[in-house]
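First chain A sits with chain B, and in the next complex the same chain sits with chain C.
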Partner chain A sequence: MKSLAELAALRQKSLDKLNMRNEDSERQRIVVGMATCGIAAGARPVMNTFVEEVNKRNLTDVAVSMTGCMGMCVLEPMVDVYDTKGNKTTYVHMNPEKAKRVIAEHIVNGQPVTEFMITAEEANNA
Partner chain B sequence: MTDLSLHLMDIMQNSLTAGASCVEVGVKAQKSTDLLTLYVRDNGSGMTEETLKRVSDPFYTTRTTRKAGLGIPLFKASAEMAGGDFRIESAPGKGTTVTATYEISNIDRKPLGSVADTVTMCIMGHPGIEFHLILENEESSFVFRTEEVREQIGDVPVNDPVIIGYLKEMIEEQSRILFGGILNEIIS
Partner chain C sequence: MQIARSHVLICGGTGCLSNNSMKLKEHLENKLKELDLEKEVQIIMTGCFGLCAEGPIIVVYPEGAMYSQVSIKELDTIAEEHLLKGRIVEKLLLANRTQAYDEEGHQVENTDFFKMQKRVALRNCGRINPENIDEYIAYDGYQALGKVLTEMTPQQVIDEITASGLRGRGGAGFPTGTKWKFAAASEGDVKYVACNADEGDPGAFMDRSVLEGDPHSVLEAMAIAGYATGAHQGFIYVRAEYPTAVKRLNIAIDQAREYGLLGKDIFGTGFDFDIELRLGAGAFVCGEETALMRSIEGHRGEPRPRPPFPAVKGIFDKPSMLNNVETYANICPIILNGAEWFASMGTEKSKGTKVFAVGGKINNTGLVEIEMGTPLREVIYNIGGGVPEGKKFKAAQTGGPSGGCIPASLIDTPMTYDDLNEIGSMMGSGGLIVMDEDNCMVDIAKFYLGFIVDESCGKCPPCRIGTKRMLELLEKITDGRGEEGDVERLEKLAKNIKASALCGLGQTAPNPVLSTIRHFRDEYDAHVRDKKCPAAVCKNLVRIVIDKDKCRSCGLCAKNCPVSCIRGERKVPYEIDYTKCIKCGACIERCPFNAISRES
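Then we have the complex of A and B:
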């Protein structure tokens, strides 16, 4: 059975990963909208997938967090990805499979997934 | 919302918006009385009597971005349609407790869903906040506090993916032990 005492052993593993991080580099940020609209549309499994992928791929320079309503409920689940310079890319109608592609193509390879991005029309109509 | 743990997550977000520094979530399943009780308790700003009267109205919200606030009304409806009850206790400066009860065997009761996902994703998104989780059946209980996690991991952040992964497995395991065979969607 798992217990909190085992966490002390995991601490070293986490510290090793943290030490691998280049302290001078800025972190990329993935922010998931997690208000009623986002949760009801499936934002939690999307966030779960981002966390699992970041862990699985050892992406030490990526932070995953959540925010409230992003203001366009009809486009939820919505995700903002901020690059190291603070530029924002907004993804809409996300799901766990799309989240995996955003990690592989955008976060790892630096190529935003244009087909999942919000369009000007969607932004104006939402 | 497809399951009850999503409602819990939604209400926990309300607690955080209300400036809570500690959020406690409780899930209690009593087979003998066929009663499932969920609550979210926080030490946030609390609500005035006036706000409390209006909070179950879907067209009331404190937000300025939209004119609807569906979190509380949906949670309330989930309880009432499953033979349960819903109440909110709150006072300015004293925090808020939202409680929903369900008949476990009611055909309209939604499945509990993953409380582990709800709690760990909230820890992930809000590493500066203390979260408590109490899972309970009639014979036993499991209590989890982020303060105790911090004691074990020292200078490692509580939202470190390795730590989050472990906590998720631990809560999932306890959910199966405590609710397996009581909530028919959970296999022990």
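Then we have the complex of A and C:
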């Protein structure tokens, strides 16, 4: 270690890996439904895509986590995106391609992808 | 490198390790492979969370779900439910396992136990992997050292520490800044800094937890101390009974050397500093600074008279400065956040926070860090969860064999150096042992004095002979042979020892006796005059009695009596032959009707 800059670089690199444990930081959360129904419908590749994209783009303020069955198994794989205020956007029938677009449009640019979102009709029929 | 989706933190403090947390880690590694989650989930062994009573502790991030008392089988459930499917296993959460931590939600920070704490010295314990320097660096590690070396002069560092009001956390509470100033002012081409990690008070384990959970914080602070005082070599004197701490210190030192954070020309500033470990062989007196320095040199650990003080003539007769582990753990936050930030915590004369190892008759045995000046009541009832089985709080012992008792009547005493001294106790290193109505205070005093008699190095007569005589007097009292005047004799002897012993160990050795006499004189009098032990602890002063109304003549007591002194027949209450009874209490344990008890 010969300079402070070197330390700062190392710190940033390590911090990125640990960001998840920083509970007070304001972050968006991507929650993938990973119950049996979700996994059967293909939630795992969706989840992996989210994790990969987050890593690739170096998004430190986003947490990817899983949850259980939301009860609307017919709409799986489902994904909830929570913004920093806790507002929820629900995406249904997800796949890896859609996941990439959610990252690019919703997470990075703050524009929810309306076409993937759950509709009132779907919610009522499920 | 792949960033994991979930981090599983497993406590690797000694408390949880002895509860098999290492096995849990290995098991989880295999389980993750089986579930094909090894790339998504990262397992990290951390330092102590402070909830030792509830160990082994496992925390799963990003949810921050804290599981307690996890068994191998339950770990499978956590892996299958939480890690694979993302469903938090509610019934295994700390909050649901024990009422003591009942709080909404599962977040670690929401439990009463953590909410009321302020973690400065323990900031990284249970948060980082102590065996990975990168994680320490991520949480501002070695920033303070960088700042000090590039932006501050040694004098500015000392001024900052002085302004913070930090006082030695090893017990005596000497102002740290003043100590650094003396060492810096001392003339000498070679100087040393040392770290006292010879934590020997019965029931104290704060230093161990810091070393196990955050070893780099001590290394970094020692390098800062070296820069401030002009030393280039540091020694950590750590007891060999702390194998995990020793192991992690060694790993930490190696990693710091590899990164060039220890060694030559740190940060390209030309400052050299390195650290060596010295293992203590378990003598309590080696926690005394002059004895510790003798021991570092390789001699028998015996204290010597001061002056000359170590700041003038210490290790290898060179100017040396010794600080406690917890003191060092406070240094980096002070440098980074400023003296004002630190001084804003605590009271006028006791700044900052203090770590206590809470044990004894308390629900949440473990490690807590509180702001100085927090009343004892809060530590015991709010953080500690109160006394088990609804028993009555009687006293808390602080400061180990050098300290004293805080009786129930003074439970609202703020925990500061001066307030504790005033009531005849002391802050000490931070052991806090809670006692309830079943503890006999004379017996407690005898225990601590017995410890001192064992640990006295024998160099000076007041300590070697005086404490032995005091112990004999206490034994006489607890055996029921006490006479009028014995308590006064104890007090007189105690005063003489305090005035004449060579080192801190001897000078403070009578404190437990003096403070129990001061606050519990009635118990001493009951032993001496009435030959009674009110708490029914002292063997010679109690009788074991069978309650005739409760006895159902089942005969279990007689069967389990090792000296066959209980006799009886069906439908007639059993009786004890007192000429044979050795008062072992085996019958009390076995009686299914609670009909047998000790009576004073």
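We adopt the following convention: the second predicted complex is superposed on the first by the 104 of 126 C-alpha atoms of A that agree within 3 Å, B and C clash if a C-alpha of one lies under 4 Å from a C-alpha of the other, contacts with A are read in each partner's own complex, and residues count from 1 in each chain.
Assume a contact is a pair of C-beta atoms (placed from the backbone, for glycine too) under 8 Å apart; a residue touches a chain by one contact, two chains touch by 3 or more.
What you see is a predicted model; the values in this text were computed from it and never measured.
When both complexes are overlaid on chain A, the residue A:119 reaches neither chain B nor chain C.
Contact with both chain B and chain C is seen for A:66 once the two complexes are overlaid on the shared chain.
Residue contacts after overlaying the shared chain place A:111 against neither chain B nor chain C. Of the two partner chains, both chain B and chain C are touched by A:3. In the superposed model, A:18 makes contact with both chain B and chain C.
Of the two partner chains, neither chain B nor chain C is touched by A:84. On chain A, the surface touched by chain B in one complex and the surface touched by chain C in the other have residues 1-4, 7, 10-11, 13-15, 17-18, 32, 34-36, 39, 47-48, 51, 54-55, 64-66, 68 in common. On the side of chain C, the complex with chain A involves touching residues 1-7, 9, 40, 61-64, 84-87, 107-109, 127-128, 134-135, 137-143, 146, 150, 259-261, 265-268.
Of all residues in chain A, only 1-8, 10-11, 13-15, 17-18, 32, 34-37, 39-40, 44-45, 47-48, 51-52, 54-55, 64-66, 68-69, 71, 73 touch chain B in the complex they form. Looking at the complex, you find that chain A touches chain C at residues 1-4, 7, 10-11, 13-18, 20-21, 23, 29, 31-36, 39, 47-48, 51, 54-55, 63-68. The residues of chain B lying in touch with chain A in their complex are 1, 6, 9-10, 13, 17, 63, 65-66, 69-71, 74, 117-118, 121, 124-126, 148-149, 152-156, 160-166, 169-170, 173, 177.
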